[in-house]
Amino acid sequence: KDTLTIAYAGSMGVVMDRALGPAFARTNDVTYQGIGRGAWGLARLLAGKQMRADVFISITPGPIDLLISDGLIKRAVPIASTQMVIAYSPKSRYAAQFKAAAEGKKSWYKILEQPGVHFGRTNPAVDPQGRNIIFTLLLAQRYYHRQNLANNILHGFQNPQQIFSEASLLSRLEAGQIDATSGYLSAVVSRHLPYIKLPTAINLSDPALADTWYSKAHFNIRLPNGKTETLGTQPLVFYAGVLTNARHPILARHFLAYLQSPQGQRLLREKGYSAPRGAPLG
Amino acid sequence: MHLRYHTERPVALDIDLDVEGFTALLGLSGAGKSTLLKAIAGLLPAHGIPFGELPPERRPIGYLPQGYALFPHLNAWRNVAFGLNLPRAQQRAGACELLARVGLAQHAEALPEHLSGGQQQRVALARALARKPALLLLDEPTSALDAATRDTLLVELIELIDRLGIPALAVTHDPHLAGMADRMAVLAGGRIVQQGPPHEVFAAPGNVDVARLVGYRNLLPGIVREIDGQTAYVDVEGLALAVRPDSGIVPGSAVLLAIRAEDITIVHSAVTEPPHAWQTRIATLRREGSGVRITTTGPPALEAMIAHQVAREAQLASNARITLHLAPEAIRILPAPERADHSLSRGSPRPG
Amino acid sequence: MHLRYHTERPVALDIDLDVEGFTALLGLSGAGKSTLLKAIAGLLPAHGIPFGELPPERRPIGYLPQGYALFPHLNAWRNVAFGLNLPRAQQRAGACELLARVGLAQHAEALPEHLSGGQQQRVALARALARKPALLLLDEPTSALDAATRDTLLVELIELIDRLGIPALAVTHDPHLAGMADRMAVLAGGRIVQQGPPHEVFAAPGNVDVARLVGYRNLLPGIVREIDGQTAYVDVEGLALAVRPDSGIVPGSAVLLAIRAEDITIVHSAVTEPPHAWQTRIATLRREGSGVRITTTGPPALEAMIAHQVAREAQLASNARITLHLAPEAIRILPAPERADHSLSRGSPRPG
Amino acid sequence: MLLLALPFAGLTGATAWSGFHLSPGDFAAMRISVLYTAAALVLIVVLGTPTAYWLARSHFTGKWLIELLLLLPLLTPPLAMGILLATLYGPYGWAGQPLERIGLILTNSAAAFILAQFYGAAPYYIVAARAAFEGVPGELEQVALTLGKTRWQSFLLVTLPLARLGLAAGLALAWVRALGEFGIVLIVAYYPQGIPVKLWVNLQDMGLSAVYPLLWLFFLIAMPLPLLLGLLSRRRAALL
Amino acid sequence: MLLLALPFAGLTGATAWSGFHLSPGDFAAMRISVLYTAAALVLIVVLGTPTAYWLARSHFTGKWLIELLLLLPLLTPPLAMGILLATLYGPYGWAGQPLERIGLILTNSAAAFILAQFYGAAPYYIVAARAAFEGVPGELEQVALTLGKTRWQSFLLVTLPLARLGLAAGLALAWVRALGEFGIVLIVAYYPQGIPVKLWVNLQDMGLSAVYPLLWLFFLIAMPLPLLLGLLSRRRAALL
């Protein structure tokens, strides 16, 4: 039996390991192995040849671009998209207020601006999600015409009190140690967490808005390598590509095709993913 | 100093003992000697006077444990200084003075593992003295020493104790050490079975345990046949031995006769038997440092120690016919033991 | 069996020794006794015959180490069985038989830590015998035993060795053990300084080390004044002692006189001095088990051992005036040591 | 002590006992963990015991260097260790490439899993075993020689039984370390998934509620060996 | 042994020595690691030493339970341990809430960092220290009492010096564990970033080339303490 190894962005765990992977393995009589972790970390390990996989699935184009420039991926196709949401803990003191906001009866940002609320997110220096929540809030600032909205919630882009590793963030939210976090709709739905949906204008889901509106949000951040960089938005699209050093290139292409097929898309939809948008990379 | 101590575990003891000057406590291995010392030092649960109510660190005792228990990370003088109650600057001088007393002045800097067994023991002794205790407890204080060093050290120790006026209780299974003490006691069956000046205990052991411990090699059960004024006759395996009667004995009573090997002499090729002498044969014969040790075929089988010169003149040889002589004064009469227990000098239970 | 062994470390030894029957090797602590046995057993780098070229496990020796070195995780009979070369089913019976020989049949199941020191030593002895060795090496085989057990065990051991025909080399610092051996040797300065039957060595120690080791308590340097037929006169601190002259001595030569405490007697309140007697005073006096040990003021200061009865009759007391008597036969003449070394019986270097 | 126990009291409280159930694949993870950890342990004992004995008994001048090398894997953060192993044994590593040619793939394979556990746990075992061997008096081994046993017999009959307390402790420690090894395994052998990686995957995929039951399962399978070893050595110690 | 050293040979080969440079922030990470690990070590010694001594000296029936509790943190995979700690000491945890009220925040703070290291390293120290204390004969402590020292003095003057070899080993082990602790720290204290988390961040952000120099730096700062402790105890052992 051949083994198909898929390296995917960590937030896709449920759809990959429970839906797509097993289904594909069954129909093609192969063994499926999924490795889910931060997309950037995976890309670095793949680029450093510390790790070997057949297919790589990333969120946002950045990690794919890294592998393309290293010659490890020739072409990557969009397979799904998602949007930013605010997930909250049902055990939170503010759960009732969040619920009201989710039903549209309250402004979500006013809840988050309260000083006692514990808000969590990931490291903007290394994680796309951590950057995206900042873009979302910067856009919200313009969209709702509310001065300092972003800062009132974030208290600085790299505020250590809010930044956690991804594993820590989710477990803390579930354990009720954090009131609310940023999140991708797809992941939040997969894990049956309550969430607040955000308007398209700020949820970064629509590539059509990218150039005209989303691009108005940008910010400066100090990266771990010491350089200060100005970051702009990237669309929340999942891209999949076959690695040039794949052990099973044919199987890998089959899997890619399966992801784009109606069955594949149906499973993605069921787990909360939106339809792919935009053009292929590479 | 009068001691009364009572323990339950690991061995039941009920001790009532006078300590005067250098007092030796004799007992077989496993009798509970070490246990008693630990109880007095407060290291085992026990009731007793004096010190019974004090925690160990407040009891004014100096304790020399059986295995010395020197602190392996401290050199000789620091081991001794451990017990000194002096300002830091004077500790070294004080410790070295004590070490000099036990003849170890030149080993003050040595770590315990670089000292021979006997040297270690002396350091431990100096350490026990350091606290200027009201009572010294010594567990087998000379077991690791050769005879010459032992005697020298003991004599000095006894003088030191006299001078300082510190009573010392030394436990041992060495009758020689007990013999040198000011006073001795014998522990058996969890009690003190006899105590007094050593020469008295040596000369008149109160029971068979004591007799064995103080070196009586011949212990013969017999029946008193008749008492005739100053002499009693005791039947021992068919031989009638003349003894000086004890106040307590009556004809027909069972007794135990204790005789030292050194007290049995041989009579020169006598044709007629003198009084208190009888003929027998040599069973085994062995030269030792101070004489020739013979055993006779008996009955009764006896062990005798004959001076080299006498043995040479008598031309002793295995299986030779000899005449033994045994003065009535040399025989001690003891009460017969309840049951014959021949494994006493052996097979003692485990030591502490 | 003739042994020649040579070691460099930890102590330099050059040994040439006959082992016959039960041979005792006497030496001070730190002399290298244990080192020699380890060298013969192949546990230390050494050259020698016999066995010199064999690895330790192929040398046909039985070794009783100084600390017994019983295997703590095996009970008594399994410790003994460790050395047995028998099929599994017979090991237990074989081991128990050996244990019975050392009087421990009833302790076969006990673990070493539940045995007293003396019992442990006997188990180790049985184990050393288990291999039916061609040579037994015993390191202080009786140091942990009380006098009675020691003598019983030794007599049995010596008989056993006679019966099995296994020569045994026992090292010790106990002259008593050496006295009971078939043959003895004395180790000093890395060499065998004297060897022969014990009574000869005891009676005629060849030098001061040997004399000390075999129990001569008085060692007096002197100068030979004159030789008069069968008697020589030696000046010792102003006193002229009569001795039986040795072949080697000439008037004017420096000698050392060795005298046992037991060989000095006192003369009953004599007004006129008999020959070989002189007056002095008692300096110290101490009762011991077998008599009263006195030291005299001198010169020369002497140590004498007086029987209890004699002491009682003479009413000895500290500072009393007494007349000492010393037969010329009781004095051994030794060569004078190169340099006076008074710390010999003490302060030996560290043990093995 | 109390402080150390606190989080587990918290765990007991946080577990949803009523809805207690395992996720699919948890049992497979358990089987993998137990099986491969046992294999790693065998490897550790077989290679580690002689090394430990050699470290305990020999004395030479360069020894501190060897000890330093032993410390290195103890010291390296698991993640870094994983990266180093991947560099060395990975498909392009200079040990991995030749091994791969003879069919031994050391990435995401059973062999890789065992390798990761070996590196994670062996140093602990060696350190503990070495201390245990140092505690056995050399004299007893020598006496065994004089009783006609070979060096090997003397090791088996004397050294091993006397060192067993320390060896058992080392074994328990190695078991615990190997079973719980996460950082190295994460990089070197994401598959086959043992319990620690499965915990991670469960957390990512399903959240905390799926983590707690697996953790209990983990304790259940991890505890018996150390407890048994502890009990056995205590029993024997009491026997002595 | 050789096997254990191999990956480090690999590391030497893989590092780009010509372009060797540290990333900015690496030094800050080093400062944080060393400082807070030292603090954690102090905490471990202060709390762990009495616990270890108590475990070594007292005998009671429920002792195996305590020992089991000690094993638990050793056994728990770091990730799970981190989650348990976050649950317990988080802002809404039942230990975290009261502590936060008195100003001790145990999330992403220096205190949280030290807490994570404490839980990661303390069991190792306690296990080693306990063995060390068990090796000191009780008789020596008793003799110290008969020489007029109090229990405390006897502990300081006799027990501690005699146990120092084992204590030093335990300390070195705890240092190494605490410094390298990654799994727990990642969950409990993403900030402040010590070297292990920094390694992880560097890997994600810049790739392997940024990892190797930091790893060397890590060895450089982690090695001296264990080596020093080893040397000191060896020197003293030689003195004995």
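Per-chain numbering from 1; labels A, B, C, D and E assigned in written order.
Here is the rule we go by: a residue touches a chain if its C-beta (ideal position, glycine included) is under 8 Å from a C-beta of that chain, and two chains touch if they have at least 3 such contacts.
Keep in mind that what you see is a predicted model, and the values were worked out from it rather than measured.
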* Based on which chains touch which, give the shortest step count from subunit C to subunit E. => 2
* Shared interface partners, meaning chains that touch subunit B and subunit E -> none
* To do: List every chain that touches both subunit C and subunit D.
  => none
* Structure fact -> Most contact pairs found between chains D-E
* **Distance between chain centroids, defined by C-alpha means - subunit B, subunit C (Å)** => 21
* To do: Report the inter-chain centroid distance for subunit A and subunit D in whole angstrom, where each centroid is the mean of the CA atoms.
  => 36
* Where the CA atoms of subunit A average out and where those of subunit C average out, how many Å apart are those spots? -> 91
* Structure fact -> Where subunit E touches two or more other chains simultaneously, the residues are 79, 83, 87, 93, 200, 203, 208
* **Numbers and ranges of subunit A residues touching at least 2 other chains** => 45, 50, 167, 171, 175
* **Multi-chain contact sites of subunit C, meaning residues that touch two or more partners** => 113
* All touching chain pairs, where touch follows the definition stated at the start -> A-D, A-E, B-C, B-E, C-D, D-E
* Which bits of subunit B are touching subunit E when the two form their complex? -> 41-43, 55-59, 61-63, 65, 67, 69, 71-73, 82-83, 85, 111, 113, 127, 130-131
* Along subunit E, where are the residues that touch subunit D in the complex? -> 1, 3-8, 10-11, 13-14, 47, 51, 64, 66-81, 83-85, 87-88, 93-95, 118-119, 122-123, 127, 131, 169, 172-173, 176, 179-183, 195-196, 199-200, 203, 208, 211, 215, 218-219, 222-223, 226-227, 230-231
* List of subunit A residues in touch with subunit D within their complex -> 5, 10, 13-14, 17-18, 33, 35-36, 45, 49-52, 166-167, 170-171, 174-175, 190-191, 193
* **For the subunit C and subunit B complex, residues of the former touching the latter** => 28-30, 103-104, 106-107, 110, 113-119, 143, 146-149, 152, 155, 158, 173-176, 178-180, 197-199, 202-203, 212, 214-215, 217, 262, 284, 286-290, 293, 308, 345-351
* To do: Enumerate the contact residues on subunit A facing subunit E in the complex.
  => 38, 40-41, 44-45, 47-48, 50, 91, 118, 123, 125-127, 160-161, 163-165, 167-168, 171-172, 175-178, 223-226
